[in-house]
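Here the structure is laid out as structure tokens; the discussion comes afterwards.
Each chain carries a letter (A, B and C) given by its place in the written order, and its residues are counted from 1.
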Amino acid sequence: MAAATLRDVRYAFGENPLTAVALAIFLLLVACAVVGPALVPYDPLATNSDFRLVPPSSTHWFGTDRLGRDILSRVVVAARLDLGMAVCAVALSLVIGTGLGAVAGYRGGWIDNVVGRLFDTIMAFPLFVLAMGIVAALGNSVANIVIATAIINLPFYGRFARAEVNIRRELAYVEAARMGGNGAALILARHLIPNIMPPMMVQASLNMGWAILNAAGLSFIGLGVRPPEAEWGIMVSEGASFIFSGEWWTFVFPGAALVLAVFCFNLLGDGLRDMIDPRRRT
Amino acid sequence: MSAPPLLDVDGLTLDFRTRAGRVKALDDISFSVQRGEILGIVGESGSGKSVSAYAVMDLLDGNAEIRGGTMHFGGADLIERDRAAVRSMRGREISMIFQSPRTALNPIRSVGRQIADVLVRHGPVPRRQAKEKAIAALRKVRIPDPERRYDAYPFELSGGMCQRVMIAMALACEPMLLIADEPTTGLDVTTQAVILDLIRDLVDNSRMAAILITHDLGLAGEYCDRVAVMHAGHVVETAPMAALLGRPAHPYSAKLVAATPSSAASIDELASIPGNLPNLLRDDLPYCRFCDRCDRRVARCDTEPTPMTAVGEDHLVRCWSPL
Amino acid sequence: MAYRAVLQRIAGALPSLIGVVIVTFLLSRALPGDPAAYFAGPAANAASVQQVRESLGLDKSWPEQFWRYLSDLSHGSLGHSLTTGQSVVADLVQRLPASMELTFCALIFAIIVAVPLGVLAAARPDSIVDHLCRALVTMGAAFPTFFVALLFVYVFYYVLGWAPQPVGRLDEIYYTFPSEVTGFLLIDTLIAGDFAAFRGALAQLILPTVSLGLFALAPIARMTRAAMLAALGSDFVRTARANGLAAGTVLFTYAFRNALLAVVNTLGMVFSFLLGSNVLIEQVFGWPGVGSYAVSAVIASDYASVQGFVLLMAVAYVLLNLVVDLVAGLIDPRVRFGG
């Protein structure tokens, strides 16, 4: 197993100091997601008609929205939903994609053909459009946003796992396990899948930012998350109508949170790749 | 040696600036080529053979820095002349061919058009006549059915055929000097002989000169008139081919000759020369860069820089205790 | 390009098309719950659901339904929209030119900016252009399209007043729509000789084009830069230099044409991105295209319209990929001759 040594870790941070910044943002985001609701100064759902559309001030750092809700509190609390959707979607496609891809790569033959055709068919759609179609078909809910995001990401993991397993299928330790009379399922579970996990995890972290963008995009057009729930995409969409009266804080802060989160995951993904896969250092 | 040499490199010193420090790639190297002869430059990989050729061609990367010496070609100063003038000489007066011919040709342009590009660039050749001339160039390197091959792409041709195309391209404008950098590495033995026979014939039948860069002294022995032996950025010996093979003066050359029983063996395959090339990043390089591997080392090797001294007619060696 | 190779490419696109048709069928029939209720819409009662069930043949077996779906498709029918009352095909055809005009403009903008940017960045590593290129690429991967579009509207319309109000393709208070010839306003206004309307349409197009194009620009610039770096460091560029070819010839005829191949091959991914982001951009700018049509259909549970939209986009995407394939074959003899 290609474990990252201390030297690799130091390389990743030394080569790109932004990786450390990204790690700090990541910890902040996780804190928001886990204990955010306990930290925020206001109830994110509490409306207050006396403080509607108040610009950023010392009492409301990010201002308030059209119902007088504190935007800072809503942005912080939304981290749980936004990151949660992305993590679940990525985990789903990681597990299912790796499974399908590994089996296809190991067995070959008709299973490989069927799985390959499935991935090709998913890739034949513009992915965001397919996600819209899936949410429309399965029903307009947060769970279905997660499922749709997972499905459109499936081919990335599947094809990657298939290729990795294919390379390793003939290697000595796999041959040895086969000679030892182990079945295909056991070889896959005990020898192949653990070995392809490090590069798969790199793929997953590189994919996180994209999953966040995708889920937020779906809720921006009104799918999944329902008001008054706090979520960055829908907050940007609600804030959009106040552009024409100049209340910029209504959409800028949730949008900035989104950018920060995606940026952080992209950088972490690069850093993780540098640690785990030294060959691809640039 | 009455006629002035076609190419005269004298005391060339060159560094590469890298993150880790300066690589002293060439130190005070001198060699020359006469019209109508083939000079072999022989040495291990990393000895500076290709770098010397790239320096002549002005093909080095931006981190290379010439720190001293002169290079003259046909009387013109290659270092002092402005770069544009040197570049317009490339392909017209000096040409170069490389190893792995299949990747050295543009994969998505027909080989004939690649030759035509060179003709149009250098000669007063209009596009329309360029095709005819390119076909003539292909015929000159004995490519069968050149009219049809004109439209072929590199992936449709064998490695040997691609190398002939590259030679045709290099010779299209009838240069005075052809530099061949390991032209047959990666080709099979038969093709290797065909390519080198071709170069030999072209030199014999015109006033062109050639430099053959190779790590294979046996190969150089078969095709070259004179030879320069390189080691760790030094030219350690220059001599007529027969003199070097018959009576090598530098301990390194002697080991090379001894290690090359026939043309089949190459230097890199031979483990018989102990030690490695010194790390050229070092700031305290010894005067003689071979001394650590040498069994004839004397006290003077460590205290005085080694000059090139004559040991025979046209035979120079850089050693305090030559054989 | 060899005639047979073209046919092979076209045949290669067929499985994708078949897959797309099957998936859109499955999306509509394999729903949890009652598909008839979906197609009848949220306002339907039991009788109208039953009526829809029969008219769509949802009471028949799956193979029969699929057959019917195919034969409807072959007659160019995608069902009726609940919200507009028109046939979905008519709706889509009416709105498609608006989306196509926007997407094409964005693609052209992206290519015109990204390709020279990538080439210059590769030709002069660590120059200002190179840093600009890398910054754009990083930004393109982290910014949500819709957020950047909104920022643009806020800055260029509300704060600076440079851009017109984002009210769609043409502000009808000031301009009249030209009679439709191509459906592309930039062309139709010129045909009609109405230059004021042309300028009006152009002004409306600029912000959505730039915000959509920016995100297509990032992957194209990244790939151009990487491919140019690889090409400039390649053996054949060294040969070209050694033969004294002019710097321009080396850069364009030798390095760039080879790099172009890699760039063309990323266009597939770029199209996927453009067609998806188009939906978000249309939403922000009130653009009356197929994307905003699909969004309102999804919200209204107008299923036939969504299905029609997904099918249209998927078919368009498959065809665009086919074009990319054919163009790659034009550039690369190895692909052309199946080598």
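Things to note:
Keep this in mind: a residue touches a chain if its C-beta (ideal position, glycine included) is under 8 Å from a C-beta of that chain, and two chains touch if they have at least 3 such contacts.
Quantities reported herein were computed from a predicted structural model and do not represent experimental measurements.
Taken pairwise by the contact criterion, the protein chains link up end to end in a single open path, with no chain closing the loop. Across B-C and A-C, it is A-C that has more C-beta pairs touching.
Taking the mean of the C-alpha atoms as each chain's centre, chain A and chain B sit 55 Å apart. One simple way to say how far apart two chains are is to compare their mean CA positions; for chain B and chain C this gives 53 Å. If you average the CA atoms of chain A and of chain C, the two centres end up 24 Å from each other.
Residue ranges of chain C in contact with chain A, taken from their complex: 15-17, 19-20, 22-24, 27-28, 30-33, 138, 141-147, 150-151, 153-154, 157-158, 165, 271-277, 279-280, 283-284, 294-295, 297-299, 301, 303, 306-307, 309-310, 313-314, 317-318. Across the complex, chain B is touched by residues 234-236, 238-246, 249, 253-254, 257-258, 261, 331-334, 337, 339 of chain C. In the complex of the two chains, the chain B residues touching chain C come out as 57, 59, 87-92, 95-98, 100, 103-110, 117-118, 121-122, 153, 155-156, 166, 169-170.
The touching residues of chain A, when paired with chain C in their complex, are 117, 120-121, 124-130, 132-140, 209, 213, 216-217, 220-223, 233, 236-237, 239-240, 243-244, 246, 248, 251-252, 255, 258-259, 262-263, 266.
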